[in-house]
Amino acid sequence: MKNVAIIGASGFAGAEVMRLCAGHPEFEVVFASGDSQAGTAVGDLYPSLAAAYPNMTLEPWESVPSGLDIVFVALPHGASQTIIPKLDASHIIDLGADFRLDDPALYPTWYGHAHTAPEMLDDFVFGMPELFRASIVGAGAVAVPGCYVTTATLTLAPLLKAGLMEATGLIVDAASGVSGAGRAAKPATSFSTVDENFTAYGLLTHRHTPEMQMALSRHTGAEVELLFTPHLAPMNRGVLATCYARPTGEETTEQLLEAMADAYQDEPFIVVSESIPSTKATLGSNSVHLTVRRDDRTGWIVAIGALDNLVKGAAGQAIQCANLATGIDEPAGLAVAGVYP
Amino acid sequence: MKNVAIIGASGFAGAEVMRLCAGHPEFEVVFASGDSQAGTAVGDLYPSLAAAYPNMTLEPWESVPSGLDIVFVALPHGASQTIIPKLDASHIIDLGADFRLDDPALYPTWYGHAHTAPEMLDDFVFGMPELFRASIVGAGAVAVPGCYVTTATLTLAPLLKAGLMEATGLIVDAASGVSGAGRAAKPATSFSTVDENFTAYGLLTHRHTPEMQMALSRHTGAEVELLFTPHLAPMNRGVLATCYARPTGEETTEQLLEAMADAYQDEPFIVVSESIPSTKATLGSNSVHLTVRRDDRTGWIVAIGALDNLVKGAAGQAIQCANLATGIDEPAGLAVAGVYP
Amino acid sequence: MKNVAIIGASGFAGAEVMRLCAGHPEFEVVFASGDSQAGTAVGDLYPSLAAAYPNMTLEPWESVPSGLDIVFVALPHGASQTIIPKLDASHIIDLGADFRLDDPALYPTWYGHAHTAPEMLDDFVFGMPELFRASIVGAGAVAVPGCYVTTATLTLAPLLKAGLMEATGLIVDAASGVSGAGRAAKPATSFSTVDENFTAYGLLTHRHTPEMQMALSRHTGAEVELLFTPHLAPMNRGVLATCYARPTGEETTEQLLEAMADAYQDEPFIVVSESIPSTKATLGSNSVHLTVRRDDRTGWIVAIGALDNLVKGAAGQAIQCANLATGIDEPAGLAVAGVYP
Amino acid sequence: MKNVAIIGASGFAGAEVMRLCAGHPEFEVVFASGDSQAGTAVGDLYPSLAAAYPNMTLEPWESVPSGLDIVFVALPHGASQTIIPKLDASHIIDLGADFRLDDPALYPTWYGHAHTAPEMLDDFVFGMPELFRASIVGAGAVAVPGCYVTTATLTLAPLLKAGLMEATGLIVDAASGVSGAGRAAKPATSFSTVDENFTAYGLLTHRHTPEMQMALSRHTGAEVELLFTPHLAPMNRGVLATCYARPTGEETTEQLLEAMADAYQDEPFIVVSESIPSTKATLGSNSVHLTVRRDDRTGWIVAIGALDNLVKGAAGQAIQCANLATGIDEPAGLAVAGVYP
C-alpha cells in the first residue's frame, strides 16, 4: 500500500480523490487537509464520505507528514505554487493550473499575475497519459490538466497529429456541469441561477485556452491556435466539447473515425465510435467518448468528446498519473463503466 | 392606474412582484428598493426584467415616496417590523412573517426574539383570500402568508372546518423548490448541493408551524395542532404538501372530495380534483391544486395540495390581496394557467 | 374579441398557444383539437390548463367551425400540408415547417419527401416580425418559424445585413431544452436519458438549417451558408445559439454591439446588451436576449442569442404574428418579463 | 472468479448489476440477456458500459448457459415466476418482486393476479442482509427487496424491534428518483413531465406496502401496519423515506439515535447520525444514511432514511447477497463512498 495525503480535500476535486482512493486497491489516505475547514470531520463536510472515512478529520496543510509516497494537491490557482515548494514526498500530483504551462510568460497574460516559482515549471510533466505517457512513468511531479483541456485536447489530438485538419482557426465550443466551478457558494452557481438555464461565460479569454494550445502544439509539432467558448449546463458533472476545424484533405467521415480509433486503440479509457458522445455515459468513470464527422456541404470537420469533469477531468486522471508514477497498474482504482442513469 | 412601490425587489419574492406588476393592467411600479443592491439597474440584477423595466434602478428603501397607493414589502424576517412603521401609503402589503402571527408571544418561541412592534400586529389582516376574504377587502395593511402555510392551510381547511377530520395529531409532510430559500448564495442552496438531491430540513421546529396552526384554528374554531416536516426538492419552484389526518366519521373518498370542492366552488384559483396534484401544473400561475383520499385499511385521510411558492405562495397572493384591498377585480394580473412544461 | 381555434392543442406548442390565449385580452379560444386525444378534457391532459379551460374538451380537427377569425395550426411536419388546404378562416397561423421554405425543392432534400401542396407555399408569409413585419400585417396565412431558426436568425441578421460578417463559413452551435422535441414519450427524451446529460444530435443534417439560410439570405440579400449543430440540455425550455463568423472589416466589439442594438432599437421583445444571454432570463416570455464579441487573437466574431423555445420560438411568435395579422396591438397577450427563477 | 449471468440486463437494475460486476474482483459476466433488445451490443444500448463490455451482445434469456455460479434475474414483476423455474445455477439472485412475499394470498390483493409458482416461495430467502443475514449465507435462491422497502424497513426496524414505537398507525412518506420507474419510455417519466415537478402517486395502494409490513413483522415479531405514500422527485436516483410513528415510552431523541446506532454498529454500509440524510450522499454507493427525532410537542417520532435506489435499493443489495451466498467478502465490489456532487 502507498501512503497518500490529499491537500485541499475540502474542494470537489480533492474530495473526489478521497472517493477514488477509498476504492483503490493500493492507495491508503493517511492525511487530508482543508484549511478553511480544518477541524471538521470528513464525513460532516462530505456525508458521501462518512462511511469510507468514519474517523478522519481535515487538518491544516502544514501538518502533512514528510516522506509520504504520494501527495495530491487540489488547490485553487495560485495556491499550489506557494505550497508545493515546501512539500516533501516521493510523488507530487498537482490538480491545479500552476505547473501546467511550460512558458512562465503565459501566466501574466492569462492569469493576471506572474508565477512565483517559475524555476519549478520544468520539474513537472504534463499529466495526460494518452498523449504523454512515457514522461509520466516514474515521474516525481505531475501537473494534471483539467476538464476542458483534457476533453478538447483528446478530441482534437489524433486528427491534428495525423495532419488531417488545419491547426489554426479551430473552434472549441464546450459545455460543463456546475461542479467544475468548485464548492464555494456564489450567486453564479446557486441552484436558482443555474437550474433550467444554459448560458455562455468567459468569452474569448478563458484561462484554459493556452493549455489546450500548448498540449496540442507539443503533441503535434504544429503551432495550434483556437478559440474556446465555455458554456454552463444545468447538471452536476460532465464536459462535452464540440470542435470545428477545416480539413486539409479529402478524408471522409469514415476515414476520420478510423484515424481517431487507430490513435487510441490500446487506451483502456477511450471509446471512439460513430455514436454521438453524451456526458452522462461517462459519469463517475474515467472514460472518454469521442466521435467525428465531415460536412462536405460547408467544408467543416466536427469532432466531439465527452467525459466526467471530476474524474477524467480531474481526480481520475490524477489517480491514473499516480498509478503511472508509482509503477502500479495504470487503470487501478478507476471505473471504466459509468453510473447510469 | 395605482402607483406601486416594492421594497425588497432584489429578493425573489420582490422580483416576482415586479414581474407580475409588469403584466398587471392597473398597477404601475414607480419605485423599487434593494438595499444591498442599491444603484444597480433592475435589468442587470434580473435580466428577466430587463425588457419590462429598461430604465429602473434599485434604490435605498428610505427613498420611497410618500402617499403611494400600494407598497409591497418583501424583506427577510425581522426587517419589516422596523421599516413598516415608517412607511406612509394607502395600502401596505407585507410578504414577510413579521405581522402574520396575532400572538406576540409566539415570536420568541419560534423566531428566537421578541417582536419590536407588537402594537401593530392588530393593524394587519391575514392575507389568505379564500379563507379570510372579507377582512382583506379595503384593508390598509395585509400580512400575506408564505408558501408552506398557504399550501397546508388551503389543503386542510375545508375538511377541518366541516368537522370531518380530527384537529390534532395532524402531519404536514411537504416538499419545496429551492427558490423558497431566497436569493442569497449559501452552500445549502448551491446547485452542487441541491441538484439530484432530496432531503429533509427544519425537523420539528420550522417557523411556519405556528402560522399553519393559527390560520387553521381561526378558520375552523378548533385548536389545531400539527407536525410539519419540510423537504427540499431539486427544482426552482413549487410546493406540494401531503397531509395526514384521522377521520372523525365514515365519509368516503368521494364524500371528502365533494366537501372540499364545495368549499372552494367559487374560487377562481382553486382546482379540486380526483387527480393527484403536481407542482409543475401550477408553475407561474396563482392556482392551487387539491385532492384527498381516505384509507380504510389504516384509518388515515391523505390530503394533498400544490402551488407555485413564488406566486400563490408569495407575490401572486400579495397581488390578489392588493387587488382586494384597492377594489380592483380580484384575479387581475394573475395567470390561472401554468407555464408547462 | 376574436374567435380562435387551435388545431394540435395536445402538443406542447399548441398547449402553449392555449396558455397564452388564456391571458390574451382579445383572443377567445372556441375550439381545440388533439386527434390522438380527442374526447379528453383539456384539464386532464394538461392540468396546468384546468383552471383556465374547465369545460373544454379536445375534439377531432375535422370538427373545427368554419369562418373563425384565427386558426392556429400546431402539428408535426407533414400534417399541415394536408389539413390547411381544407381550413376556412380569416387568418391561418401555422406553427409547423410545412409552409416556411419558399423553394419546394428543399423539402425532398431536407425532409425526405416531396411537398404535397407546393402551390400554397406562396400564400404564406414568413412569421418573423422583427425582420419581415410589413408582410405579416394583415396577412391571411403566416408560417411561423421555430426556435432554432428564430434564435440563430435574429442573432446573425443585423451584422450580416450591415455587411460586417462574411455570409459563408458560419457556424451555429446551439443548445435546446427538451420541450422542443415534443410531448410524445420516447427513450431519447425520457427523464432518465436527459437528466444530468448534455449531448449533440442531428449532426450536419438538421432540418432547420435551410430555414436559417433562407431567412438570412432573404433579409440580407447575400447567399448565406452555415453549419448548424444542435445540442440537448437537461432543461425544459430555452434555446441558446452561439454563432461564429468571420468579420469583413475592423469593427470592434463595441461597434458590433452598437450595430446590433441599432437594428433592434424599436423592438419591444429584443434586448441587446454586453451581458451574456442566458435562456433562463427569457423563460415564459416572448423576449430575445442578444450579445456579440470580436476576438482579435483568432479573428472570429462570436454572437449569442437566447429565447424561450415555446414562446418566442413557437407559440408566442405565433400570437405576435396573429396580432399583426388581425390589427391588434403587436405585444398584446405576451409577457416581456421572464419567470425567474 | 465466479461465472455470472444477468437476465434482464436491458433494464436499469440489470444494467446496474453489469456496472457493479465490471468493478467486482470475483465476478465475471459471461452472459447477459435483454429480450426486447436481443442482438444489440451492450455498449450500444448503454454507452456507459461500452468501455467495460466492448464485445458483449444481449441475447435471448433462453440461451443462458447451465451450471453457472450465479444468475441475477432483473425482470418486471410476473416474469420471474415463469422463468426462474427453468433456470439451472448454483445461486439465483432475483431482483424482482415475485418471490419476496411469503404469503401467496397477498399477490392477488396487491398485484392483481395469483402467483403461478407458489410452491417455490419457500425456496427463497429475503435478501436484506442487515436484518436476515444468517439465512442468506450460502443460500441457493435470494429474493432481493427493492428501494422503498429497503429504505423504510431499515429505517423503522431497530426502533420497532426494541419496542420503542407502536407497530400500527405508521406512516411512510417517501420520495424517489425517476430511475425507479424503469427504462421504458412513458409519458409519466418523460423529462418534460418530471423535470421541475414534484408529485405523489400510487396513493393508498402501492404494491410494496405488504413487503414492508412483512419484513418488519418478521424482524420484530409484531404485527406491523403502515400507510405508504410514494412521491416522484425530479432526479435520477435516490430514495428518502420520512417515517412517522407513535412512541411507546419516554425515550428522547438521543436515546432513539443511540438505539438505532447500536442496532447497526457492525454494518459497513449503514451510517446513523444526527445529521439529516440526503439522497445525494449515497449516490452510486451501497450506503444507507439514517436519523431519528422525537417531537415532545405533538408526540410523534420522525425517522428518516436515504439510499441509492439502484444500488442498495436493487443491484448493490443483490451483489451483497450474492457475496454472502457464495462465501465472498460481503462488501466486495461495492462502494461505500458516494459520487458527489
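By letter and in written order, the chains are A, B, C and D; residue numbering begins at 1 in each of them.
In this section, a residue touches a chain if its C-beta (ideal position, glycine included) is under 8 Å from a C-beta of that chain, and two chains touch if they have at least 3 such contacts.
What you see is a predicted model; the values in this text were computed from it and never measured.
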Response to the item:
Computed over C-alpha atoms, the centroid farthest from that of chain A is that of chain B
Worksheet, complete the sentence: The chain pair with the larger count of contacting C-beta pairs, comparing A-C against B-C, is A-C
Practice prompt. With chain centres taken as the means of their Cα atoms, state the distance from chain B to chain C in Å.
Written response: 35
Practice prompt. Report the inter-chain centroid distance for chain A and chain C in whole angstrom, where each centroid is the mean of the CA atoms.
Written response: 38
Worksheet item: Counting only residues that touch at least 2 other chains, which ones in chain D make the list?
Response: 12, 178-179, 192-193, 195-196, 234-237, 277-278, 280, 283, 341
Practice prompt. Spell out the residues on chain D that touch chain C in their complex, using ranges where they run on.
Written response: 12, 178-179, 183, 185-187, 189-196, 234-236
Worksheet entry | Touching residues (chain side chain A, partner chain C) in the complex | 168-169, 171, 173, 175, 177, 192-193, 195-201, 203-204, 225-227, 229, 231, 233-238, 240, 242, 244, 276-280, 283, 293, 295, 297-300, 302, 304, 306, 341
Fill in: Complex contacts: residues of chain A adjacent to chain D
12, 15, 18-19, 22-23, 43-44, 46-52, 179, 195-196, 236-237, 268-271, 273, 275, 277-278, 280-285, 287, 289, 335-341
